[in-house]
């Protein structure tokens, strides 16, 4: 083992990233902003904000508020639409030096098909992340990706069309294992666990719901124990599926916890907003940990968490 | 309005509580402990720990750990079983001076039927709260109350049998509106929103899952934005249904936020553990707020939150 | 834009506010009026985002060279309160200078600067630079009461005509800053208007300047998640150049200084809404279904 | 049990530890050895539970009447670290005294007290009360190194025979406390054993006392959610009196002092497990499915 070179590189079902620490969707700007703040060549990967077929102006301000150890956000997925994105934002993001995963979102199957088609053959794009937390325009349901039928249909279509690895970002705040199994069966290369769960911020003084209510979501450290449970359960159900942990990761310890319960890589969202160098310092911390444990790859940590206590509650006495 | 007497009393579908601030299940001890710490006559109501048919020893230690602004707990629902509970704990809890709601939990329909039967005609019990977050032993599913079919069946059976109001405590971390509608249709008097969502605590140093993994749950301030969203969505779907908010409430402001989005009462769990007088000081804070707003009842706050911004994201531009 | 660990050189209480002066030459050298910095909050707190602070002073030369000053309202919330309790020789994690600064008029001379409360702090930096460029500066400032009017003496020092408004009449005239605008524009024969403060005030400034056909720049304080363009949470509705369409601009990188004629005030709820209703008004609250 | 806002009278650094003395007469008057207090954490922190602290000293009489002392290990985590940074004249929100205390032997005389690290602090309070009752006290104490041995001089003052063990041999003998137990029991002709510390040490004490048929009491430190019986998180597996059945007792109200003969050590994972494996041992980690 000591002969083997130590490397942070991870393999997500064929997509090899230089480090396991990526920047989460919606927290990486439009291409130019990060360059002055962090050396993007040392970031494992960047996920673009979620791009839709048509441009979206997003939610009116305010779009952000705080909760205990959390951030409630509601951008309404503002984005320039796929054409403008491919024309300007995508080249800038790709040039910045980190592998680029494009997040796509929509309300109909057709949306996802068109988005995947538009990205086909674009050399800058190393992967597609499927955002599934928006409203379902065809089935008129508040959240598209909460239903096994739609996850199967949409992930299946994108996976069949895409020439690059496809990651399904499953919604947070839901019973996740059935959705994970559906996405895996439909052909996803890997899963991002999880999207921000639905949240609400209320201002008691003015008696107002502060942010756009249908599109407010929780991010930040508060999510960590929920993310760990989701990763853990899905890893147990699908031990071979590459998992990318997202939710509450801000330190190397957080990242290692996610790897220990089954993640292959992690995404850092709000921690990047607060400290743009976090994705690099977290990767450095993971490297330090590998050295301390005499391991050569972060993938050796994967799913290695032992169980301090037996599973579940004790048998009832009779 | 100024002629009317100002009172904190709230009416939960026929169950009148002296204040809208209750102590949540599992955080109120076994009857004797709280008396020395808080004047229980000034607490809106006490929910017992969840009682099962047979005694349960619960999970092995450790059973608690912290996460950012949260508590991860795993008691494994330790309890003496319904018979011993009725013999000793229930009288002590009732004598303490606050209206007593008994939480019942099980893995089969029969469990719930037997528990409701055992409580029938017990004058000390003003209500039943149905715990639905345990594993389903009949259907072999990890969480019983995540499925509309089982919520309908179990809540229906308990509601039909019970002579006192019945509150379904719906699991946290799930798509909640369909479950709420099912519980309402099945005859629940009200809903407790929500139970602790499933969580996990990992110790990176020892590479161990710290607490019993299948039974670890998140409590504490971190939950507030998730609880507010759940209450808000269910109140919109079921505007007449009495809702009891549970999750992250530790101040009068938190409680008022919950009332503003549709709760009639609130439960205080971890905040009672940290400060046993919290349920009283929160009620006092609500009273102060009523005075400041020249309102005579907390029920006037119910669902009064205005919406600062229009619902959801803006229409996409074309 | 730099990220630095900056030592606090000194702190001062100024009426209702607290000022902090930092040693941050990398930022101070580049800072221009209207720009801001983002200060990290301490570890272990339940509030995690950086706090954004308008640069009040930034000195490139002289005894204070390399220093940077900002002003906080300790009563705003936990973050500004924490900042207000910092003392000399402690360190802050600061990113800056951030955002697009005010631009200076090339030909025009008479500048009217309008602000409320602590938002005035950034205008003094601007006033100083304008005066150094030979412009005439007049000011309208105000606050709830004497305590909340930020450095009125400094306003007098930097400008020709100063109008001070307080809600309780404890300093200057009784009333809101917005009430004083038409008179002040008249008196100062303003050719250019600058403003900083709440959206409602900025909207009033925009309306006045449109009527009087005066060029104007306003600095907004929309809530921010990052401050450097990553998160898209600092939205301000702005028309494109030819007015044919609009989109949400990012206040942190496209602003915080905007041309008020291009802001779509009707699409900005905080600007459209009147001030929050007083808490004693029961009318704010419609009885819910459970109400009597 | 009382809840008080207690002023910090003084603080002291003691090797690796920090001691805090509070003015809390309502608690100090009732406190007995083995009991603990629960200190609230400050607002706005992301760690919210009270921290539990064994009472090291509690004075009913004399110059220190009404005071209470406890000792924290600042390196344990954020809560104890915050406590270790408190200074005189600040206030703490404290609930106590909590839990069942040690009981004193009626007839027997020779007491052996065993503890590790800062857990020894509570044993000194016990030793003092035993000595006041005319008992003979011997002690085995220890720690990782000299710095981590809590007040060895005080141990000497309170007891006849003291064995000090350090992992690095920097004070007393090289080794763990557990290694010194058989010899110490022999030398002290112990009739009663008291212990405090990690479950693994307590388990070793339990085994020794069972073999030697010595009565014993051990104070556990199981993680607690509240400290006063509300939450049921402080589980310790304990046999019922006749040994026919067992259940999880609550360390906070049924303990923290237990009869070690009734604790089901095999059902207590922290007692069953050996010390955490060293971090440099790759064997702890089985390669996952993605491993090479």
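Worth a mention:
Every chain is named by a letter (A, B, C and D) in the order it is written, and numbering of its residues begins at 1.
To be clear about the criterion, a contact is a pair of C-beta atoms (placed from the backbone, for glycine too) under 8 Å apart; a residue touches a chain by one contact, two chains touch by 3 or more.
Quick caveat, the model's predicted, so the values are computed rather than measured.
The minimum number of touch steps separating chain A from chain D is 1.
Chain pair with the most C-beta contact pairs: A-B.
Look at the CA centroids: the one farthest from the centroid of chain D belongs to C. Chain A and chain B have Cα centroids lying 31 Å from one another. Centre-to-centre spacing of chain B and chain D amounts to 35 Å, using the average Cα coordinate of each chain. Distance from the chain C centre to the chain D centre is 55 Å, each centre being the mean of its Cα atoms. Among the residues of chain A, those touching two or more other chains are numbered 55, 57-62, 68-70, 206-207, 220-221, 304, 306, 308-309, 317. Each of residues 46-47, 247, 269, 279, 284-285 in chain D touches at least two other chains. Taken as a contact graph, the chains are fully connected, with every chain touching every other chain.
Residue ranges of chain B in contact with chain A, taken from their complex: 52, 54-62, 67-70, 72, 74, 76-77, 135, 142-143, 146, 173-175, 177, 197-204, 206-216, 218, 220-226, 228-229, 232-233, 248, 253, 256-257, 260-261, 289, 304-314, 316-318.
Within the complex formed with chain B, the residues of chain C that make contact are 46, 245, 247, 269, 273, 279-282, 284-292.
Those residues of chain B that touch chain D in the shared complex are 26-30, 32-34, 36-37, 49, 55, 57-66, 68-71, 73, 75, 78, 205-207, 220-221, 270, 272-277.
Chain contact summary for the complex, chain C toward chain D: residues 44-47, 78. Here chain B touches chain C in the complex through residues 1, 4, 10-11, 68-69, 221, 239-240, 242, 262, 264, 292-297, 299-304, 306, 308-309, 317, going by the rule given at the top.
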